[in-house]
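After this come two complexes, each holding chain A, first together with chain B and then together with chain C.
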Partner chain A sequence: MLRIISKSAEQTYKLGEKLGKNLQQGDIICLTGDLGAGKTAFTKGIGAGLDVKEFITSPTYTIINEYNGSIPLFHFDVYRLEGVEEMYELGYEEYFFGDGAVVIEWADIVKDIIPQERLWVTILRSNEEDSREIIFDASGERYQNIVEELMQYADTSH
Partner chain B sequence: MYKDTTILAIETSCDETSAAIVRNGREVLSNVISTQIDIHKKFGGVVPEVASRKHLENINMIVQEALQQAGINLEKVDAVAVTSGPGLVGALLIGLTTAKALAYSINKPLIGVHHIEGHIAANYIEHKELQPPFICLVASGGHSHIVKVKDYDSFEILGQTRDDAAGEAFDKIARALGLGYPGGPLIDKISLKGNPEAIHFPRAFLEEGSYDFSFSGLKSAALSYLNSMKMKDEKINIADVAASFQAAVVEVLAEKLIRAAVEHNSKYAVLAGGVAANSKLRQELQCLGSQRGIEVLFPSSILCTDNAAMIGSAAYYRYIRGVVSDLTLNARPNLTIGERV
Partner chain C sequence: MLILAIDTSSATATTALMEDGRLLAEYNQNSGKTHSQRLMLMIDDMLKSCGKKPEDVDLYACAAGPGSFTGLRIGASAVKTMAQVFNKPIAAVPTLDALAYNLFNFNGLVCPTLDAQRGAVYSGLYKWENNKLLKLEDYRVIDGKALVDKLTALNQQVAILGDGVEVLKQIDLTKSNILIAPPGHLQPRASSGAAIAQQMQENGFVESCYSFRPVYIRKSQAEVEYEKKQELTTRPMELKDVDDVWEIEKLSFRTPWSRESFVEEMQTNQRARYVLAELGDTVVGYGGMWFIVDEAHITNIAVHPDYRGQKIGEKVVEAMIAAAQRESINSLTLEVRVTNTPAINLYKKLGFDEVGIRKGYYTDTGEDALIMWYK
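Let's look at the complex of A and B:
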């Protein structure tokens, strides 16, 4: 588990960008955190790391947004879903096991269908207004390697 | 001799199952909307799976009702129009499949319509004199676009949201304030009792000259405010927070729309989409518009919401230009405006 303190939305974006640069086909990134914690800001960074040129907008209404970058980015927001049945309806397997990287906001709502190996990122508000605690929890070797790549940024923030 | 054109239109892209009969693009013979909001209220938002299932239960009945209210038989319809995107794929498919079957059964053309182009066309129904070109702000739960309507079937996006849509920001703050769903009308209502200057929330105008929007900073600021009040154990004045939040959204939307109309020499600044029903936005626009010599137009509330009549209007202008779809028309959740469907 890796904890990084981000002092600003820009820093959260930059961390997303570093993560994005290391992503490959089939990678699954789960995101949790309160409304306004910075999940979409972090995902915008991931998009930048994947060379997505379009604006990454909130998928709250559309549930799934798809972007073309160096590899496709599938951006889920399952805030409105009641549970996993709706993910089956949406045909999530085609995205999870497809040719792109997957980011899922509010992933805890659909926990049961998240593959065992994944990177789970939790963004927590702190007492200082713009500061956030970002926790990276990797399971599986692939994701542990990704987190190790991010380790260097932890040191500079202490 | 001039012949009337009658279009049967279907809209199922999000909350509402709707069917309408529209004559010559501007005359609504019927516009039946089965609002699914009661179901969504329970969940505090649009639940896509629930939405598709309800659409499926409703659609045949709604189409029958639309024909009946218009007093015509299906055989009298000249074309069948349907929203083909953007929207929730499962919901779109219900409307699309129904429209295809109906068009095929009467051997008449099928016309796919972009949902936002439909919202813009709602103004053709309301304002018989309105013709392109003009500038339109389409603001709803899923969209915040400033569109230059160059012609009935030619559009240029001047600006759009870079993060959250305006209506979505309303929904999320309404939820945080414990007001319920849908957030827009509830915030509008309670704001009448609040002071819009009580709390100063940020206005994101972005780079100079930009027509883009960003509401996520405002959302975070409002949530931080609520959070800090809670931590200090101070009482929150919900009406003041709602009014101040609404003022921040409205100011940016109104200013950018009017500026776009001025800079593009448009006689009209036109409003469309669910957020067009917001009373404060209408008021602010009329005030700014009269200062700058711009006429502000918006549809009546029933045409602001998702409805099939607006789809029938947009489809008419495709039909008379011979732009029709074929039965391979598919649901396109990420369809871009102006794209041929």
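Let's look at the complex of A and C:
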């Protein structure tokens, strides 16, 4: 488990960008946290790390947005879903086990279908206005390696 | 009548233009899923090169599923939009029927397959009879390995096609009765969809842009849950398992052991070793043995009647051999009713040899026992 304090939306974005650079096909990133804490800013960073040129917006109504980058980025926002049943109806397996990286906002709503190995990122507001606590919980070797890279980055950037 | 047919249900995007039964053009692209970017360009280019305008199209043929959910949605939204704008009907062409149509009059069974992710495929089974395509089975999602086993068991020539072939190819097909269709027939072709759409039109099976919707097939929640629980594991039996084991004992034997005997085996008999097989959390089989000096005497093996035929007995015996070997006991012996051929065959398969007969060993029927040894 890695905890990083981000002092600004800019820093949250940079952290996402760093993560994005390390992502590969089939990677699953779950995102949860307080409303307005910066999940979308973080995802925009991931997109930048994956060389996505398009403007990333939260797919609250479209549920899934797909972006072309160095690999495809599948951006889910499952806030409006009632549960996993609707994920099956969406055909989520084509994305989760497809040729891109997956970011799922509000992933706790569909946690039953989240693969055992994944990176779970929680972004929490803190007392200070713009400061955020970002917690990285990795499961599986692949994601532990990613977190280690982030750890080194965090050490050198503060 | 001008038919514009499209199929984006799999890795291939294909469009065709057919006029009064004559194929004017067909575009196939199988270079990765970029259907949402390519489809309208393909249609536009095809219409223009044939000197046709979008409003000339009389009927839209759309691959209706099963197939990739995303792919089906791309096709459906394109066709629904055009059909709505020009107020023309849509023929909802079953994807797997259209694939099977690629192998017109093939002399054997046809099994179209589409990748359903994680080793599974959408599949159907067809045969050609008197120039007619007969559907032998309903569409389904099936694990690739299970499908290959099923097709092999059919014992007749089966041609497979569609992008599910990539999944099935991971399994060794060389010695089977399964043929892979050649590249030109392997992938969905909108010309097949157009031909089927024409028949549908003649039979009045077309619909409006409002009623048309893709047919998604997916694993039911029950199947998904079941698969999660499917994993078969073995472990040593404990006292808490006595009731589960005794239940299986009662269902399996004419003269079952008492519940107390199992409690005793667990609590006081130092020689006894029991192994359980579990599917998820359910105890489905067990086997027991007594270690006597350097030999293991197998006392009983049983599999719950609801779970027989799934090689659980085999797993139990293997686990018992392994458990004995862990305690440096390399010989195991058992008695089996001479009439119990399936069990005898199983033991032989696992390395047990027949070494003798005990006359009238079973008191209930007076049957002889076959003595078998594993060394």
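General remarks:
Here, the second predicted complex is superposed on the first by the 153 of 158 C-alpha atoms of A that agree within 3 Å, B and C clash if a C-alpha of one lies under 4 Å from a C-alpha of the other, contacts with A are read in each partner's own complex, and residues count from 1 in each chain.
Keep in mind that, in the parts below, a contact is a pair of C-beta atoms (placed from the backbone, for glycine too) under 8 Å apart; a residue touches a chain by one contact, two chains touch by 3 or more.
Since we're looking at a predicted model, the values are computed, not measured.
In the superposition on chain A, A:62 contacts chain B only, with no contact to chain C.
Of the two partners chain B and chain C, more chain A residues are in touch with B. Looking at the shared chain after the overlay, A:97 reaches chain C, while chain B stays out of its contact range. In the overlay built on the shared chain, the residue A:125 is in contact with chain B alone; chain C does not reach it.
In the superposition on chain A, contact of A:89 is made with both chain B and chain C. After overlaying the two complexes on the shared chain, residue contacts for A:40 are found with chain B alone; chain C is out of touch.
Within the superposed three-chain model, A:115 lies out of touch with both chain B and chain C [touch as defined at top]. 85, 89-90 are the residues of chain A that lie in the contact sets of both chain B and chain C, per the superposition on chain A. Of all residues in chain A, those touching chain B in their complex are 34-36, 38, 40-41, 44, 55-58, 60-66, 79-82, 85-86, 89-90, 125, 127, 129. Within the complex formed with chain A, the residues of chain C that make contact are 68-70, 116-118, 216, 218-219, 221, 224. On chain B, the positions that touch chain A within their shared complex are 14, 43, 45-50, 52, 86-90, 141-142, 160-165, 168, 172, 175-176, 212, 216, 219-220, 223-224, 227-228, 231, 333-334.
Per the touch definition, chain A reaches chain C in the complex via residues 85, 88-91, 93-94, 97-98.
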